[in-house]
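Okay, got some structures for you below.
Note that chain A is present in both complexes that follow, paired respectively with chain B and with chain C.
This part shows the complex of A and B:
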């Protein structure tokens, strides 16, 4: 039973090669960091003005919103916004045929690539972003705007667990979009639809607890809540760490469903794929 | 051939090229309409919770939102050549432009007139129409003219920013995302009346990158509502001229950049 590492080795190699490639672009990362801090400022200015405009009790406090927004800016690159450009190019040019020649499972290959694509840029951006948002802002006198640490160690652990599942869920979604390109080639329609659904229903545009009460059960049940809203609320303590099993179950059940759907679509797509020679 | 006729030639070629992919164009337009529509739905969600923002209603915010979306989508369509300029420098393609006996600015404007921005334009127009329908704006010929002027001047301002972005590519082709804070970030910022922001933030977008001059100030004048910041009405009417002024300065900086250019040689 010593075959485990051998089986995993190609996937590990793929992840680490991508990781090293993406880490080369430091200036771009710095510019991206600046842009995201700027967006964070704009978003929090708007929330601050909204919170000052209403005396009514809100489902989240302004401080919780601040942490939620900074986490969102820090982990932006982890969201499945998009299909992978390289897969798109492969399908268009026919290079996808080479992928079929590799002696590894194609779904696993694309999934591993998706993981690498989401973790490397995220690590690069999240660490400085969190430092600035949690330590830098109070120094600027913006204590209310800072990324506050989780209220308890248990919340931090719960967030960590949920974040791993967020990664898997996000990769299952983006791999599904990649696979859909076997039918649509350009993939423009599916990609735009996906971006719209992901940004709006994950809580990236507006935190889900602020949605109207009638919409709450719907947005909470959909897979997108597991990408942003559920882990972030575990972090801020808006959801207690005791509720982590339910969150993980939500994320993993959706991941499993999306993987099964993706695999069956892929095998159907590959049966009808035609690659032009030359 | 005059510069204008040459430009129109460029535009017609670009448009015909893009219309070859009609289905793709329609899908993208519809898609962007949907994405930006959901962005506005986010604003609606917040108003449903909080009721108002610093004394401004949803319809008033929609007015500023519509104005800036229209402005940005037009600028983005015209300024596309400058937007992709970083890659031109990286691959040495700018040399080709320098060899032609025409101004580089004209050629870059002619690079593409991007049709895909139509989705954003339509969404901005729809939001603006909602605002105009809901608000009782005391329309007059002057106010209509001010609206058109503000949008035109805003286009100048955004193109000015994109020209600066392109100019910075003469020094570094990496990190051009830095400018996104002023383009995309500027759009997000301008969707709400600037009065809600902190003073240093407002001052930056009034005096350094004068977005407030082409959106908020004329917007307040059109709405016919007293400005909580207390700017005189005369200022609100002439403020948009800061846009073309900014563009002129950007072109000067661009000329300096072109003189500084050294090809990659590839």
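This part shows the complex of A and C:
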């Protein structure tokens, strides 16, 4: 018997079941789509005013900014900016007891949940969002504002590879936030902190190349750059496809570190677990 | 050889307390008071394969803590515990593959999925081979009458339906041991009977060891040959139901339906414990007065329509057991909810 597929069978089953379940939330995805189009316009209006009022050489062109912003809006659901409400509810109500009764690794189980949660809503939103931003906007005469395709095939491939690692990195961060709920029960504080860190330091609000020079080494070294900034700059061609090994290394090293941290916190958390509600 | 061995198990929880009101909340920010609750205070028992054991006690007595320790969820502070030769929390994954667990107040099914899909997910999680899964599923579906429920999303099931599905879900991987934490809580009479009937058959026909916690004494009377009573983290009694009765009280009850309402019955060897208009309930000690003698005296003094002799209900037995061994009941009634004030 081949043990390989059987080893992964529970995790594959969980990802696929949750993925299918989350695909049912089409109305939420549609609502999210309009919100994100709105945000995309607001952010780009600010950048347009900013670029028009300044003659100085900027670290990114306006066209690169536009693609960067629309990609960010399309892939927002992939970012670990919120906690898994199911895990939060499980910890609050004590249903987490059932998770511990499963003959699988709890970290793996929560990571699998995170993968489904970070992909299903993204698939629902990213496709219409990209169509609107890349084809719809030029039709409205907003060619400057559109999501432009990558400058070369190599850039697209590099982006694809980095995006897979973005998913893994994002899931490692999500899982870490979920694990922190074993201590905080409610988890609101950790989630708010995480939302702020992720949206700001990933480049979601302000692309990282526009940060001041003194901050550049810091924001580039932090894991959050691997969530948005690095893959998006590969997409827009702001960094060349030749730099993809460095990007992947940054993402995977941080993923590994966060997985190790998460696993050790989880095993410590489980020793002191108090199942709520007796 | 016992399947489950527990020796001197100890588990404490730290409960943080704060005084009520705004001032208490403010003070709680600066200085937290902690109190240690002994959820398990030296528990020992052994369970043989095929036993059906009732585990009873008031809220907060340590029932759920014991079950969660045996299920590998909680790590105790001290003591020894082995289930099927494994220490549950040390070899959690290997251990939980061989047990089934149902927590009556929660479901293990996926809320948004139809029952069948939850079952299939469990099949994959427990890595049950397809053939074994189909055989187990078909048998459970037939025994629990689940056919009409299989395509329904779990959130649309009634509590009784959900409990039947939960029982099936816990047994798809054919575990030799089943832990049931209040499986009949909140169920109507018909559902309770269905659940009890199923547990009994599972135990008799498959030889599954069942450990059952409950507040419903009818569950105990209907199912359990052995009853473990826990209070305040200690075992107060462990043995056959009949032994528990005889240990606590020899008392029997004689219930008499009078023809004329409002009469009172006086007898030197019996005490009236309840009197409605027509019905009088007398408690007596069969070693002081034989039931035949007492019935003769009562029937010759009063016109009666009907009478019967019975054992006191198990609730009364258990209440007396607590009364004897627990002068301070307030600690026993404490629930393990550390995020709330328990004043």
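The rule we apply is simple: the second predicted complex is superposed on the first by the 274 of 278 C-alpha atoms of A that agree within 3 Å, B and C clash if a C-alpha of one lies under 4 Å from a C-alpha of the other, contacts with A are read in each partner's own complex, and residues count from 1 in each chain.
Please note the rule applied: a residue touches a chain if its C-beta (ideal position, glycine included) is under 8 Å from a C-beta of that chain, and two chains touch if they have at least 3 such contacts.
Here the structure is a predicted model, which means the values were calculated and not measured.
K.L.:
What is the contact status of A:164 with respect to chain B (first) and chain C (second): first, second, both, or neither?
P.N.:
It touches nothing on chain B or chain C.
K.L.:
Now for A:140: first (chain B), second (chain C), both, or neither, which partner does it touch?
P.N.:
Touch status of A:140: no partner.
K.L.:
What is the contact status of A:196 with respect to chain B (first) and chain C (second): first, second, both, or neither?
P.N.:
In the superposition, A:196 touches chain B alone.
K.L.:
State whether A:131 touches chain B only (first), chain C only (second), both chains, or neither.
P.N.:
It touches nothing on chain B or chain C.
K.L.:
Going by the contact rule set out at the top, does A:52 touch chain B (first), chain C (second), both, or neither?
P.N.:
In the superposition, A:52 touches chain B alone.
K.L.:
Looking only at chain A, is it chain B or chain C that touches more of its residues?
P.N.:
With both complexes superposed on chain A, more residues of chain A are touched by B.
K.L.:
Quick check for you: in the superposed arrangement, does A:221 touch first (chain B), second (chain C), both or neither?
P.N.:
A:221: touches no partner chain.
K.L.:
What is the contact status of A:102 with respect to chain B (first) and chain C (second): first, second, both, or neither?
P.N.:
second
K.L.:
Using the superposition on chain A described above, determine whether A:17 touches chain B (first), chain C (second), both, or neither.
P.N.:
second
K.L.:
Spell out the residues on chain A that touch chain C in their complex, using ranges where they run on.
P.N.:
Spelled out, the residues of chain A in touch with chain C are 6, 9-10, 12-14, 17, 21, 24, 93-95, 97-98, 100-105, 185, 270-271, 273-278.
K.L.:
Using the touch definition from the top, list the residues of chain C that touch chain A in their complex.
P.N.:
Those residues of chain C that touch chain A are 13, 59-60, 64-65, 68, 71-75, 92-94, 96-97, 99, 101, 103, 105-106, 108, 110, 112-113, 117, 120-121, 124-127, 335-339.
K.L.:
Note which residues of chain B are touching chain A in the complex, please.
P.N.:
So the residues of chain B touching chain A come out as 24, 27-28, 31-32, 34-35, 38-39, 41-42, 45-46, 48-55, 172, 174-178, 180-181, 184-185, 188-189, 192, 196-198, 201.
K.L.:
Which residues of chain A touch chain B once you look at their complex with the stated criterion?
P.N.:
By the definition above, chain A touches chain B via 25, 27-28, 30-32, 34-35, 38-39, 41-43, 45-46, 49-54, 56, 58, 186, 188-189, 192-193, 195-196, 199-200, 205-206, 210-212.
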